[in-house]
Amino acid sequence: MKVTVSRKAHFNAAHRLYNSEWTDARNANIFGKCSNPHYHGHNYELIVSVKGEIHPETGFVMDMKVLKDLIKSEVEEPFDHKNLNEEVTEFKTLNPTAENISVVIWNKLRAKIEKDLELNITLYETPRNFVSYNGDMS
Amino acid sequence: MKVTVSRKAHFNAAHRLYNSEWTDARNANIFGKCSNPHYHGHNYELIVSVKGEIHPETGFVMDMKVLKDLIKSEVEEPFDHKNLNEEVTEFKTLNPTAENISVVIWNKLRAKIEKDLELNITLYETPRNFVSYNGDMS
Amino acid sequence: MKVTVSRKAHFNAAHRLYNSEWTDARNANIFGKCSNPHYHGHNYELIVSVKGEIHPETGFVMDMKVLKDLIKSEVEEPFDHKNLNEEVTEFKTLNPTAENISVVIWNKLRAKIEKDLELNITLYETPRNFVSYNGDMS
Amino acid sequence: MKVTVSRKAHFNAAHRLYNSEWTDARNANIFGKCSNPHYHGHNYELIVSVKGEIHPETGFVMDMKVLKDLIKSEVEEPFDHKNLNEEVTEFKTLNPTAENISVVIWNKLRAKIEKDLELNITLYETPRNFVSYNGDMS
Amino acid sequence: MKVTVSRKAHFNAAHRLYNSEWTDARNANIFGKCSNPHYHGHNYELIVSVKGEIHPETGFVMDMKVLKDLIKSEVEEPFDHKNLNEEVTEFKTLNPTAENISVVIWNKLRAKIEKDLELNITLYETPRNFVSYNGDMS
Amino acid sequence: MKVTVSRKAHFNAAHRLYNSEWTDARNANIFGKCSNPHYHGHNYELIVSVKGEIHPETGFVMDMKVLKDLIKSEVEEPFDHKNLNEEVTEFKTLNPTAENISVVIWNKLRAKIEKDLELNITLYETPRNFVSYNGDMS
């Protein structure tokens, strides 16, 4: 029996949408106020979901304390109260849209979670805008 | 990499559940207070989800401003502060259950969203009742 | 020690904003789409708060089951799945704005709750619009 | 057209995580404060989702009143205000983790819901921890 | 200028409503299923509000990190994952209703917060039932 | 009869906590990661509440559309997608703590709302931290 277990976390960060290969005018035209050079920010809400067999001895798919600590070390500590464009390596050259942030988080967690567990990420940029990524490369 | 982006919206409307081919007694029997001839209403909360490739230049699957405007023109303007049975063409002959409303919204948005993007609709009729539709015809 | 106890409830209803002493044109001008003659509707969320001494034997200010039943008989049964303008006596001549609905609910509950308990009503018309009334006549 | 309809419900219960085949020391070591012999408890929030064809006469996949009553008889009445370990048969020998509770609820509802309807359960143990189960045996 | 600052926290606990001076029959009659001798439990959500002058140098009424740590040491550590009746000194002889829990929490925090700051507690026992206490002895 | 009407709004902004009269070391020591020179950010949720008599002709304390537009021009347009420290005049010399932001918003709205209406502001900096201000100068 495969069950999905999910854990919510959050981090607060500044960012701007910016493509370094475009002119400033084009960035402003395409990204509008989201490209403000002085940055804006969000309370990002993150849901990490892991699907797998229930371990018969523990009744767990994965110990939630382990998952909580993993989210803390891989996501909260490097991202919380940071400027994503300026201070997070992955976004030095990658535009920190919600889509790209979700892929970066997925890749970081995927490397640390057992291979027989499926992984899905949902990231709320605002209460009205959110994205999900499960590694789908189709 | 295929990512799903979602946008929340809402509209307030009146409706009643009613099958015009049934007697009033049968409508009352099957639909109960939901068939009140004087109507009742809801704050409908809508989540529109679109899945596709991240565009390498923008970092977007779809520009959220475009999706927001599309939901406004296709759903909010024709449905908000309306009586669904009396004033919305699609429900002149179709019973406005949450299921049927979600199919109508999906069809309207499907016609306006690029074909290589997958579309899913979730519609909350109340905080405790909601439906989802992704075009599944299986 | 005076403690405030609160209970949430809800009801779904249709309404329109309408002043019967005004012309239709004036109603449309002042109330806009909220005055649609075909009605629209809401999921009203209600919070009823009662403040008083903790009863030393029970540890209760008021038994929540009693409060829940009182909200059911005084508010949910007469208002839920109804057209407020057409079917609820109090709004035959009173415009069912959130403000007026909150006063009507407060008056109905005030008559049934012990006089030494203070009463406050909060009514959400939508997740973004809400009103409160505590009987203030100052 | 296959639509998913969902209904939220809740129940409050006490439990402890405990594997009866382990020593007390091992239970304490693996489950930490969740294994407190005096129990702790949660407000469990449950979402039951059913997917199937829209019935052309009613516009329903499944009558929500029927689903609500089924959740009441199968889940709320046997679980609400109970000690899961002590008073619920299924957990006399099964560790009441969120994962195992979701499988027990799914099995109870599966037996009562028409076979051509797909069933999914989501169970929130806290606002930050939740699990989902859809019968996946792959 | 006096501003109110608030911080949310939570704890999960088991309890039963019980007056030790009553017979078991009277406890069962008055408290119903809330008096189940095997206990039930809740995810308690706590909001602690502190009102006072903004300190001109920091722009804070009170440092939220200090308030967070105080809630942790005074409330979360002694109450979380505990059986309130069995393991928390204050409720050995005091019925752990939401009202009484809020007074106990208020008293514990009042002793640790500067005297010129006003203190209010709101405690959610369930998403639909909550209580507030501000030390009102009138 | 005096009723309170409330409207929710939101804006996303970057900020850092910073006292320009302190050394960088002191800023870092007192404000911790909230003083990151590269900024971080939040989804600020704002509730504006106005208390006054119900106007007998309209049934309104204040037209919500007017209040919505006022919040848009006074708060959302100047603050949304901005860096509060760098781009908002009021915070050039005032530390943008949640407390100070709430006072600034209250002062801006107070100047535009009729004098016989009471005004209260609640500002969520995160889902767990929020402040309220009603002009209290006592």
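Residue numbering begins at 1 within each chain, and the chains themselves are lettered A, B, C, D, E and F in the order written.
As a convention for this text, contacts are C-beta pairs under 8 Å (C-beta built on N, C-alpha and C of every residue); 3 or more make two chains touch, one makes a residue touch a chain.
It should be emphasised that the depicted structure is a prediction, and the values quoted were computed from it without experimental measurement.
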| item | value |
| --- | --- |
| Chains contacting each of subunit A and subunit C, listed by label | B, F |
| Chain-contact steps, minimal, separating subunit C from subunit B | 1 |
| Between the pairs A-B and A-F, the one where more C-beta pairs touch | A-F |
| Chain whose average C-alpha position is farthest from subunit C's own | A |
| Interchain centroid distance [CA atoms averaged], subunit B/subunit E, Å | 42 |
| Where subunit E and subunit F are represented by their mean Cα positions, the distance between them in whole Å | 28 |
| For subunit B, residues that touch 2 or more chains besides their own | 127 |
| Each pair of chains that touches, named by its two labels | A-B, A-D, A-F, B-C, B-D, C-E, C-F, D-E, E-F |
| Subunit D residues touching subunit B - in the complex, by the definition given at the top | 1-9, 49, 54, 57-61, 64-65 |
| Subunit D partner contacts - residues on subunit B that touch it in the complex | 17, 19, 21-22, 30, 32, 94-100, 102-103, 127-133, 135-138 |
| Contact footprint of subunit E on subunit D as seen in their complex | 10, 12-15, 33-34, 36, 38-43, 45, 80-83, 86-87, 126-127 |
